[in-house]
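Okay, so chain A shows up in both of these, paired with chain B first and chain C after.
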Partner chain A sequence: MNWNWEVIFASLPQLLEGSLLTLELVFISVLIGGFLSVPLAILRTSENPLVSGIPLFYTFFFRGTPMLVQLFLFYYGLAQFDSVRESFLWPLLREAYWCALIVFTLNTCAYTTEIMRGAIQAVPRGEIEAAQAIGMNRYHLYRRIILPLAYRIGLPAYSNEIILMLKGSALASTITLLDLTGMARTIIARTYMPIEVFFAAGCIYLLLTFLFIQGYRLFERRMMRHQKPI
Partner chain B sequence: MKKLLFCSLLLLLTSGSVLAEKIRIGTEGAYPPFNMIDQDGQVAGFDVDIAKALCTRMDTECVFVTQDWDGIIPGLLARKYDAVVASMSITEERKKAVDFSDRYYSNSLAMIAKSGTNIDPTQLQGKSVGAQRATIAADHANAIEGANVKLYDTQENAYLDLNSGRIDVLMTDRLPGYDWLNSEQGKGFEFIGDAIDIGDQIGIAVRKGDKLRERLNKAIEEIRADGTYQRINAKYFPFSIY
Partner chain C sequence: MIDLQGFGDQLLFGAWMTLKVAAGGLLLGLLLGIMGALFKLSGMRALYVLGAGYTTIIRGLPELLVVLVIYFGSAGVLTQIAGWFGHDGYVELSPLAAGIIALGISFGAYATEVFRGAIQAIPKGQIEAARACGMSNPQVFFRIVLPQAWRIAIPGLGNLFQVLLKDTSLVSVVGLEEIMRKSQIAISNTKEPFTFYFTAALIYLSITVIVMIGQRYAERWASRGLVRRSE
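On to the complex of A and B.
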């Protein structure tokens, strides 16, 4: 086959423009999803089945269905109901951008909730008992002992989730958004050079992941500095 | 000896292909009424009926392979199938990648909007215009100055967003548009403006240099002559679309 470098170079500006949308979607959804996951994870560890049941149902649904299906149901499905189109939420829901952002957030939040739940449950019993022994109340127990330890325990698994999210965000292209993948597919429609353009897009994803991993490693090292040998 | 081996190998290959010749037809299956998946999960529609008639004419067995639209030419080149009968427009750009048969129908573009919205088809600045990605309709939508163009993976998704009001105008091929307007979902929508003639001829794509092309051309001529084509046409449209 004839490998066409020109197409790759010519499409780079547009692909980079698409990457910005990809980064924006991933950054915001991971940020909000991360915050929401903490209270949900605490509820998930409750011994009362009624309290832990609600977040369990939520994470079960979002972890148990493909994100593509969630995105389609949310974007195309909801819009078919008159009541949704007439509601005050329609100005938001009619935009593909917000639909993608909401679904991505709910999705990553579900996974992060389960990561955090596992991490909270892995906090050594002795640390909690020690905190209780010196009379910490529940708020302080979580704020000072359980959550800081759980964050550190969950860190490695969490970087996985963010990387999966970065790649999963390619699905935004199925609802008209011009993210990195959407831009690539639009360029392919014009040039009929899928291999070259997807190769370029793949390289950009790889680069983004690489930069993320490097940054995350520094972050992880800082968070774990108490374990460094002196 | 070498020559003999070569000859027998050649004989083996050619006889093999005659005996078990099966043509694989690639189609999209999401472009009613031309190609779609029917209630039994089988491909159906005008394209499929034409392809079957051509195969009967060529005395070969046909198998259908469905493939998403934006991967349909790459799939042909990767030999996932031998011919694309998927309402594909013959364009100069595509001709760089594939060969086309003679046309088996022609198409024009049209715009669809909600009835009574009085959208002027020449004044689309600031309007949301939808079209299916990688189609001529998409090129035309992109050429509208000031319009906010949205591109969809399938025509069905574009219809869904027309229904929900996310797009004001759908730029589409006239014939499937006609079919949709006559369906349950198309109620309350209408064509706006005249059909846009784009000299759009629909052909069958084959790999470059594939002899299949001449056989398809001959078969198209034959089904045109013996009335098979007209029967299939009448099944879908009350007017000739050749």
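On to the complex of A and C.
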């Protein structure tokens, strides 16, 4: 078995270019998914089953099926309907990039909604009662007490979700996108050196997750600075 | 209802294949997980480094990449090894074997952490008591530690199994005829991608629900020795 370093060095520029697309997809979908998850999580904690039922249905579908199915359902599936092909959204929905972005966003949003639901429900009752006792209305209660606490409770679980998303983004390569995995597969189709190129791609993924974990640790420390021992 | 145009039985065969990969991956993953946990807890530096390296690397890589590496990467290595034994043909793994190995390795890395937590949660006194009775190390592990570790580990393992089930769809990328691949075949004939991918999604959802119910029974089974009395 001859290990070919030259292939690795020659493919690095392209792999790094692919990593940029990977990072872009993950960053945008996690950002939008994170924002959307907060109102959904609040609906999910409602005591009215009709209100909590809709987000429950959504999270059940997106957490219960593989992301690959969701991706194919959007990218290949929607074209089955003439109404979709004739709609104003079609220029977006026929692009692999936008499909990947939409599916990643919906997928991560579903998982984040459940993380946030758990976090909101874990906010101590006493804090809520105290806020109500000093006359906060529902908006202020959520804005000042429940959500700031819930963000911090959900913080550790959220980092896992982002890492899962980073790894899940490799699926973009199955709908023709040239993300890190897609780039690696293209290079392999040309050079027939799967082990070397996958090794290089794997190292970049490991580096990305490592850097993310380090950065997140700092972020978490900053968010939890009120609990720092003096 | 959804009209599957005669491809319904093919999808069911696909579902059966999905279950086979999932079961194989689960078995291999449980073995790797227990071994990984024992390595990490062995107190021997070399074994610890091996276990820690395994979990760090595999948990940092996309599952799709692991599947691709095992399927495409193994061919070169296997052909080389077969060459040493005087076989000069091309050797590669079947998609099923590659899928089981790749998903098992992934599952095992996460399961290592679950088992490690479960084993550490067993009171030290019990292990000391077992040693005092004269049990050997394997006896302590199989009679005292493992039966109790299951009870603590099963909720975590159940979640991992749900992830594993969904990851089986990745093996379709290397050509295994499971639900996704069967759907693609049906679609190339019927030109109805939404119908079949949606059916595939429903099959995954039903398997997920069944596994959730199964998990509840498994939890009850594992904690059968733990009787809660309300006196």
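We take it that the second predicted complex is superposed on the first by the 230 of 230 C-alpha atoms of A that agree within 3 Å, B and C clash if a C-alpha of one lies under 4 Å from a C-alpha of the other, contacts with A are read in each partner's own complex, and residues count from 1 in each chain.
Quick note on the criterion: contacts are C-beta pairs under 8 Å (C-beta built on N, C-alpha and C of every residue); 3 or more make two chains touch, one makes a residue touch a chain.
For clarity, every value in this text was computed on a predicted model and none was experimentally measured.
Peer 1: Could you tell me whether chain B and chain C fit or clash when both sit on chain A in the superposition?
Peer 2: With chain A aligned, chain B runs into chain C, so clash.
Peer 1: Name the contact category of A:143: first (chain B only), second (chain C only), both, or neither.
Peer 2: A:143 contacts neither chain B nor chain C.
Peer 1: Going by the contact rule set out at the top, does A:189 touch chain B (first), chain C (second), both, or neither?
Peer 2: A:189 sits against chain B, while chain C stays out of touch.
Peer 1: In the overlay, answer first, second, both or neither for which of chain B and chain C A:167 touches.
Peer 2: second
Peer 1: Which of the two partners, first being chain B and second being chain C, lies in contact with A:94: first, second, both, or neither?
Peer 2: first
Peer 1: Which of the two partners, first being chain B and second being chain C, lies in contact with A:176: first, second, both, or neither?
Peer 2: A:176 contacts chain B only, not chain C.
Peer 1: Quick one: chain B or chain C, who's touching more of chain A?
Peer 2: Comparing chain B with chain C, the partner touching more chain A residues is C.
Peer 1: On the A-aligned overlay, A:80 touches which partner chain: chain B = first, chain C = second, or both, or neither?
Peer 2: both
Peer 1: From the superposed pair, tell me which chain A residues show up as contacts to chain B and also as contacts to chain C.
Peer 2: Touching chain B in the first complex and chain C in the second, residues 76, 79-80, 174, 185, 188, 194-195 of chain A appear in both lists.
Peer 1: Using the touch rule from the top, collect the residues of chain B that touch chain A in their complex.
Peer 2: Counting only chain B, the residues touching chain A are 70-71, 73-74, 93-94, 96-97, 130, 133-134, 138, 150-153, 157, 160-161, 163-166.
Peer 1: Can you check the complex and tell me which residues of chain A touch chain B?
Peer 2: 76, 79-80, 85, 94, 96, 174, 176, 185-186, 188-189, 192, 194-195
Peer 1: Within their complex, state which residues of chain A touch chain C.
Peer 2: Against chain C, chain A makes touches at 1, 60-61, 64-70, 72-73, 76-81, 166-171, 173-174, 181, 184-185, 188, 194-195, 198, 201-202, 205-206, 209-210.
Peer 1: So in the complex, the part of chain C that touches chain A is made up of which residues?
Peer 2: Answer in residue numbers: 57, 60-65, 68-69, 72-73, 75-77, 80, 166-170, 172-173, 180, 183, 187, 191-195, 197-198, 200-201, 204-205, 208-209.
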